[in-house]
Every structure is written in structure tokens, then in C-alpha cells.
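First the structure, in the form of C-alpha cells, and then the observations on it.
Order as written gives the chain letters A, B, C and D; numbering starts at 1 within each chain.
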Amino acid sequence: MIVITPQAGPHVRNPGKVPSLMAKVVLALVPATLFGIYLFGLPALNTVLLCVVSALFFEGLCVRLVNKRLGLVLADGSAVLTGLLLALTLPPWAPWWIAVGGTGFAIVVGKQVYGGLGQNPFNPAMLARVALLLAFPLQMTTWVAPAPLFSPAAPDFAQSLTITFNGAAVPDSLSGATLLGQVKTDLDRGLALPQALGAHFSPLGQGIGYAAGSLGETSTLLLLLGGLYLLWQNIINWHTPVSFLATLALLAWVFQQLDPTSYAGPLYHLSSGAVMLAAFFILTDPVTSPATRAGQLLFGAGCALLVYIIRTWGGYPEGVAFAVLLMNALTPLVDHYFKPRQYGRTRRGKPLPLPPLEKMAPSRRGRP
Amino acid sequence: MNEYVALLLGTALVNNVVLVQFLGLCPFMGVSGKIDTALGMGLATTFVLTLATVASWLIEHYLLAPLDVGYLRILSFILVIAAVVQFTETCIRSLSPVLYQALGIFLPLITTNCAVLGVALLNSQQGNSFIQSLLYGVGASLGFMLVLVMFAGIRERLARANTAALFAGPPIAFITAGLLSMAFLGFTGLPLR
Amino acid sequence: MRLFGFRGGVHPEAAKHHTERRPIRRLPLPRRLYIPLQQHIGAPAKAEVAPGQHVESGQLLARSQGLISAPVHAPAAGRIVAIEEHPAPHPTGLPVSTVVIETDSEQPPATVPSTEDPFTLPPATIAERVGAAGIVGMGGATFPSAVKLMPNPKQPIHTLIINGSECEPYLTCDDRLMQERPEAIIDGIRLIRHALQARRAVLAIEDNKPAAFAAMAAAARQSEAVEVIRIPSRYPMGWEKQLVKTVTGHEIPHGQLPGGIGVCVHNVGTAYAIHRCLRTRQPLSSRIVTVAGGAVRHPQNLEVPIGARLEELIDFCGGLTEPPARLVMGGPMMGQVMPHLRVPIVKGSSGVLALSAHEVDDGPERPCIRCGRCVMACPAGLLPLEMGARMRHDDLDGAEALGVQDCIGCGCCSYVCPSKIPLVHYFNYAKGELQNRRQEKAKSEQTRQWAQARSERLAREAAEKAALRAERAASKAQQKRPPHPSKEPL
Amino acid sequence: MLISILTLTLIGLGLGLLLSAASRLLPSREDPLVAKVNALLPGTQCGQCGYAGCAQAAAALVDGSAPLNLCPPGGPAIARQLAQVLERPLAQPTPGGLAMPSLARVIAEQCIGCTKCLQNCPTDAIVGAPKQLHMVLEKACTGCGACVEVCPTEGIQLQQQAITLGNWRWSKPPRPNPFRGPLCPGEGLA
């Protein structure tokens, strides 16, 4: 009466599924997105919507080309997550073709070319951001000073459409530079750090995020809130974010002790740019980060080191995107060499030595 | 001292032989199937590149310059590189036949690796001192090995991915190499030569 | 007593509340019993009876063959209808030779307690009696227990661990056994300890069974022989390697038996069976089975004679409320799917689960997103995602290099996988292929020897024929020539 | 003009001496059998066998991980030579998957006891006396079919081995089909 092909293995399963994981990550991103939209007005909303919709469109296109079931693939929500993550890293008033082109590149070249979910070596959002930064440096570095939604300076609906769709120039009153860009140009001009920092940097202000910057990256506290939600929901491990933030803070603190006039402190680094967004949402992307805990610790530390190098000595003010791509490239090697110790074997794989019989008192630990 | 370290890191990362200067692409694509063979190839190329750089510097300064036959530079460098490769092959064949089997045809092919000749020629073109050209050689080969092994890791994983039939195999490898070199552009601007 | 942790493991929803408080009820003796001859690890038993013969309850039906084997006894008095092929309790339902008994009467067989004190018996006879009673590991592994009662002198057993953890969800057979017959179990443990001359006996019970712990602690207080401890409830605590690590802090080195580090593990059910065998001279002919699952009307624990079919158990529990999505024998994590209800209960079946669709909840399988949950959950410290990816592309050598042979099949990785990938199914496939490969290598080695032996035989025969021909030719030549004149015949 | 010729010959000479010294100091420890098999292979380094060059293919042949008929340019000739050098029977490829190996089985009615198959069996797997019913030892039979060819009365046939609890193995789990149409072999997951 029961027609079955023999199924093996557990017949009950943990309720967690891929779509629910992705939905929780998107939920964790919502506070930062809403704050970004409030901060930078309607054009920011346009960018977010454009990114998410075009992500779904491109994913649907690729899935249709390979003749796969549309419902099954789009339902796992990874396209929405990629679109939203990319939107949060773009300049708020970016023109429409930056948003759509970037998302297209992320979904098509970043993920679908490799065969869909789980096959891509690089994080699609970061890949698109690097591609856009290299291809359109001007559009990717026109920052906007915050113009809250209902304040007089904020563009109304019609103006927001013109800004997004036929690329009206940013009015001078609103144009401004991000803290990182400002400090780098001042340092290049030979100013000592305290002067460059004095005018712009207040830890609390930077924490709340009432400053120029990418759409969703400005409010560090809201992103931290989203990250803690993910940790509490057991969606991500603490190993990558903690090792990333700790290493970055340590590096910044060490160099600040060495030469306070030319190296900024840990708080400055942690609260600026895409560090907090990367720590909880980009570095912990399961597909492109190592699968073992030791590997994740190394992955976080490596990213922090590269971010610090590029920010301090590199050509670009913000190095998170490059650092993530380089460490993604190293992930297969990290997974190859960092394996857990097997039961009954030493770390090198040889069987454990037999414990001497007389010292078999239970209290002695079994580890070699 | 840090001038030398800057040179070493600069050649290895900033203007990486494979991903920025686009030299030595055929072994980069050919031997990056498995991590172990890639590692073997990387070590063999490091050995060859360092020896060849040293030998080509000596020949440049103590043979070609005094006799003023600079135009023989390419010919003699290729001769030296071929000899060094043959020497490496003899060593590997006797020291570890397993690696020799694994590398197979790609070991003699190091002679045709344009990174090896490229580095030697760049050294003589920039008129580096002995230490500089040695470090330049070591940096270039370390960069080559790092990128080769990294790419082998990715390709080993891509071999098990579910790529569509259109992209499976070399196409996806070339796309990934392009994206990898895009990521390496992050190092531009570092104040290293 | 100090406890130690082990890596990995999962916390499945226990779902034991359905049958935890239901006392054990005896299943009325079914009209027909189907007793397979292969109910244990090792060589199948050899039938000793003929069809048509009448057997008493507890009479030997089939003799064990060799050391790693176990005899089979008649669970009740009756007439042997036939010894033929019937579906085995296996996912494919392939036939196994089965003794079919038509039982005589309804009343359960009488048990006559023997007066002799088993503690005076030397350990060797205890092991021999346990073997003769057909007792095997009741936890599901069904390894003949007699072999584990014969310690080899070089490796004395210092700690005897009795496994009362029962970490599989839904199953409460050990739990109820401990609550209702603690004294018998304690007596069984003391007997095992006497047989093994172990310095210490520890009964480990998971902390999600307080009633069982209380009952066993009370029973253990009378005799100082057994130490009852509470261990954290986490699946797969009940697996031998994890239990030894938790209790003694030592890992069993790869390729060794627990005896190698002076530890021996027995299930609570086995201890009870050994007590019954030595105290009442009764062979292993019945066991406690939990019948549960969303599709069973009245889930409960039953004492069932070996050989009763699943149909009878389900009907006794009020039948099925809906066609089950999966019919499982054993626990939901490591149990095996049954093809239909016409398969018998064997010595190792600890539970019968008729799981409904929402309990199985098998979402569509998606590609692996490398989240590493399975790596964290694997108690054997392997990389399930990497082994699964290699096996999906038939890279058997790659999977073997990653240690697929050390996989204990506990199911933690498939349990936690958000993409619902049947990883355990891939590893079973891998182990099967590796076994095939070993057999083929052995066969080709054998073939080469046979071929060589044949060519040597042919060469030998040719040589003999040639020698014979030469000899015959020489003697023919001898006859044609007259004998040499100088040699006078004496 | 002369200078350049002299320089190059000088460099060549120096390096040549160095190399000959090196090859004498570091003798190559290579397995002679691999060298012999390598000599057999066409040596075109074409890579059609899936190995990077003939040396690698030779090593794989010697340690048994490669089939004898791996060299398309070499064709059956090379396969037979390799079988000779490596003393390995040219086994036909056994079908993968669930198909069980087939073994010879005597059909009692037709067997007249002529012992033809008995003499022809490469592993002496058939037992029986002249004029008596023969029997196949399943353990020894490799299913090569040599007996079936010589049997005059078709008294022996190759039959597939029955699947029992002992030799049943788990099959590969069914691939999930994310496609609207049937699953084509090369395609990937969702």
C-alpha cells in the first residue's frame, strides 16, 4: 500500500529551510535600509526598489534560459538579498543604470553563470560593486549630504524621478564627501590627522550615521542591531564578524599607538564605510565563506588585514569590497587546509595512540 | 631594508605577473586543475625563475655588457632558461618521481612560460642591481604561485559545481580569471613599485 | 562524576511525550510468527527444525554458525508451518529464509525461575549461556552479546557502561523498561560486571528521563555495584563512541574496539535480557517496542514476541488514522523505511513509527549553500558537504580520502541541512560502492590465483604426459633390442 | 658577427657541462615498468586519455587506475600490447549501476557431460566428470563466457546474479529535477 523508493537517513528534519534563512537576513537589513531611505530621501527609495526588482528580473531571465522552474528558484530569496545588499552599498542618488547594470552584473555574471545558488566563488554584491567602482568612478563617488525625508532640502517625488532617471546633477549645497574620502584627501595634502579629523569625526554622530555615505552603510548601530538579530536567530556564526571587527580594531589601535598623527583609531575604522555591513551580512555569506569555524576566524582576520592595508596605503578610500573578493578567492584553499579533527584520530589523521592502561583514571582528558 | 620588502610585495601583489601584467597565462590555465599539482608547478616555477633571473643577470653583466653584444640578450636568456628547466627536471625526476608524474608535460613547458623570460628581460631593461633583480624574480614567482594555487582551489571547486553545460570547463575558468584580476586591482595605488 | 563533551550533535524535538507515560502492555500472541534466521550481525543461523514439527516455547529453532552469530528460539509453543522466504524488515523488502510458526494457545509461556546462583558461575559459562540464549545488542546494532562478554586477558575491562541514553526521538522502550523493571536491570548489570570482572559499572541515562533515573537510582542504592549517572540529552549520545567519550573522556582510537581502551558498552535492554536468561533460563524471544508516529491512533509501548508482524502491532494500537508518509522501523534518525506492514519484528527493532506528512516535512532539495551547519553537527568530525559534493559527481576516491568510511550514519548532517540534501543516502551509496570495489579487487586477485593455478596444473599434466610418453618409448625401444650379451640374467 | 657566435657557443658549452654533471649526480629513480609502458605509448602527448602527457598515462596504467584501452590513437593494437606487458586480461567494461555481474549456470536438461566447458574455463570454475552433470562454482566464475562458446548443447548459459540481502547496495539518490522538462544528464541543480 505504500509505494516508496528506499529512502535512507533521518526521516525527520530540522524545520529551517533556505528561503526562511534568506528571509531572516533580509529582515535584519530592513532597519538600516529604512534609515538610509529616511536619510537620503526618495531617490534612495528608487535605487533600492530598482535593485531588488532588477535582481528578480535578471534571475528570472537566466532561469528561464536554462529552462528551470521559475517558482522554485525565485522562492529561495537569494536574488532579493543580493539586490538589497548591492543597493545598500551604492551612492544614494545613483542614476538608474548604475543600479540596474550593477544588479545585472551581480546576478548574471556573479551567480547564474556559475550555475545558480551555491556555486559562485565570489560574493555577487561585492563583485558588482567593484565592477561599478572600476567602470564608473565618477558616479560611484558622488556622495550626498543627508537631507532627511521631510526637510525642505529633500527632493519631492517628481524631483526624485528626474535625479534617478535622467541624472540631474547633485546640487552643490548637498554634495559632500564621505568621512573616509575627506580624511584621505586631507592626508594626501599633508594635513596632520587631528586637523583632518577634528572637523568631521564625532564617534556618536558616526555611530548613528547622520553623515554622507553609501545608502545603507551610514548607521553603524542599526547594522549592528541587524547583525545581533542574525546571531540570536543562529543564522550566522559569531566567528567571522568577531574576528573581522577585532582584527581591524587591533590593527588600527596598534598603528595609532605607533604614529597618532597619521593613523586613525579603531572607532574611526569600525564606524566608517562598509565595515559593519560587511561584518554581519557580506562576510557571513555562507556560499563564499569557509565552512569550518577555524576557517571563518582566518577569513575574518584576512579581510580585516586587507581592508586596513587598502584604506591606509591603498589607492581607494574604501577597501572592503576588494578585501572580500580577495578572501573569497582564498576560501577554497582555507577549506582545503582547515579541517576539523576526526573522532579517534589525531589532527594529522593518524589513529590516536592507545592510552596506557594503568593511567586510565577517567579524569584525564582524551585529547592528544 | 623596507625598500626591498616593498619591492618584493610590490611585484608579488601590486603588479602581479599573471593577473596584472598578464604573463605566464598558459600554465596558469593549464596546471590549475588540482591544488597539489598547482603547488608543485608553483614551486618548480619559483625554482626556475629565481635561478634564471640570477643566471641572466650574471650573463648580462659579465658577458653581454663587456662584449657589447646587448642584441644577443633574448637568445642567451632563452638558452639559460632552457638549461635551468632541464636541470630542474632532472632534480624533480630524481627527488620526487610522484611530482614528476603529476606535472607531466607542463614541467618542460616552463621554458615557454613568458613570465620567466619576461622577468629576466624586465630586470635587464630596468637595469636592476643584483639584489633587486633577485628580489624581483622571487617576488614575481611568489605572486605567480599564490595566484596559481588560489585559482586551482577555485577551479577544483568549480569542477564539482553544477555549471550549465554551456559554461562548464574552460569558459567558466576564463570568466573567473577575469574576475580574479579585477579583484587584484584593489592593490593599485599601494606605494610599492 | 566528571563528564566530558563530544563535538557536534543535534537537538531533535524529542516527541517522546506520546508514549512516555504509557505502561508496557503485552501484545496478545498472534496466530502466526515469522522468525527470520538472520536477525544479528554475522553469519545467519542454521535451521535445526523441520516443517510440521511441534516446538515448545523457548526451544532452539536454529543454531548459530561460528563465533559471530546467534541462535534463534521459538517465542511460543506451536507447530512449524514452513521454513521459506518471506520479506525481511529491510527498505527493499528482499526475502530472507524465515521459520513460520502457527502458535497453539493464547496464554503467554510460563517462566520457571531457576534456583542456581549465577554469581557462582565462572565468567566463561556466563558468556556461553548468554550466547546459547541468542542474546544480541538490543540497542539496534544487534551484535552478538556473548562475544562482548569474553574479555581478552591482555585488555582488562575497567569500566562497563550501560547505555540508557535512548537519544532517538519518539522511542521510549528503554525508558519504560527502566521505570517498570529496575531491579531486573540492576541484577543484569551486576551479572555482566561479574562476567567481565570490570572494576566499575556505570549506567548512563539522559537527563530528559527523570522518572527512569529515579527508579534506577533507587534500585541501584541497595547494591553498591552500579553507579547511575545523568548525562546531557543530545543526539547521538547513545552511539557507542560518543557515550564512551562522554563517560570516560577517552576517544576510541580509529580501528580499535571499545575493549582496546578497557571499556565495554551494553544496552539496557541487553542487561535485562541477560538477567532473564541467567535467572529464568529463558532465551531472548520477546522485546519492548514503541509504536508511535502521527499516523498511529493510540501510540504506546508493547512487549512483543519476536516474529510478530507490524500489521498486528498497528492493529493492536487502534490502526492508522491516515496512510503514513513513511513507515519506519527503529528511531526516526537512524531507523530504516519499511516497504509494507507484512514484515516481522526482529531482535533489533526498538520502534515502529508511522510518520505523517507534516512530521516528515521533506522540502524540495536545493543546491548546497556551504553553510557549514553539517560540519558543526557531525559528531565524527567529517566534512559532510564536501563528501556529498564529491559523491554527487561520483568522485569515490575523493570521498574516501575525506573519511566517508568513518561516517557512523547518525543522520545529524541531513537533519540540520537547510537545503534538505539526503547526505546520509549519498554516504550509504559511497560505502556500498567502496565495499563493491573491495570485493572486486579481492575477486580479481582470486581470479589471478585461480588462473595461475590452472596454468600450473596444465603444465604439470603436460610434463607428466611427456614423461610417461618418454618412458613408454624407452621401454618399447628396450623390448626391440635383445638384452646385452654380457649381462647374464641371474 | 664572430663575437656573437663565440658568445653563444660559450654559454651553450658552459650550460651543457653543468647539465651533464647534474644528470650524473642526480640519477633518475624511475620505475622501469613505467618507462617500458611509456615507450609503448605513441608519445604524442595528445592528452586524449585524460592524462597530461604519456608519462602520466603510463604511471596510471602501471598502478591500475587507468583502463587498458585508454589510448584512442593507439587503438586495439596498443591495448593488446599493454595487456601483454602488464599481464592483465583485456576485460570488457562491466556495466556500472545496479546491474549485477552475470555468472555461468548449467542447465541440467541440456548438459550431456562432454567436459568441453570444463577444459576451456580459465579459472577451473566448472566441476564434473565425463558423462556426469557438471556444476559451476559461483565463487570462482568470472562470467567471461568462454564455456558458453564451446558448449555443444547450450547446456550452460550466462545468467545475471540474483539480488539478495547480502549483495544489495544503496543506489545513488535520485538527482533533484529543478527543470520544467525531463532532467538532461549534464544539467545542474536549481
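Criterion: a residue touches a chain if its C-beta (ideal position, glycine included) is under 8 Å from a C-beta of that chain, and two chains touch if they have at least 3 such contacts.
Predicted, not measured: the structure shown is a model, and the values here were computed from it.
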Identity of the chain that, by mean CA position, is farthest from chain D: A
Mean-CA-position distance for chain C and chain B (Å): 58
Approximate Å spacing (C-alpha centroids) for the pair chain B, chain D: 38
Chain A-chain C separation of Cα centroids, rounded to whole Å: 50
Cα-centroid distance, chain A relative to chain D, in whole angstrom: 51
Chain A residues counted as touching two or more neighbouring chains: 6, 8, 66, 72, 76, 115-119
Junction residues of chain D - those touching two or more other chains: 170, 173, 187-190
Residues of chain B touching at least two other chains: 161-164
Topology of the chain contact graph, where touching chains are joined (line, ring, star, complete, other): complete
Contact footprint of chain C on chain A as seen in their complex: 1-2, 4, 6-18, 20-21, 72, 76, 115-119, 237, 286-287, 289-293, 296, 335, 339-345, 351-355, 357, 360, 362-366
Chain D-touching residues of chain B, taken from the complex the two chains share: 30, 59, 63-64, 67, 69, 71-72, 75-76, 79-80, 83, 86-87, 90-91, 93-95, 97, 100-106, 161-165, 168
Parts of chain D lying in touch with chain A, wherever the complex brings them together: 170, 173-174, 178-181, 187-190
Chain A residues within the chain D interface of the complex: 5-6, 8, 66-69, 72-73, 76, 115-119
Residues of chain D defined as touching chain C within the complex: 121-125, 139-140, 142, 163-165, 168-173, 175-176, 188-190
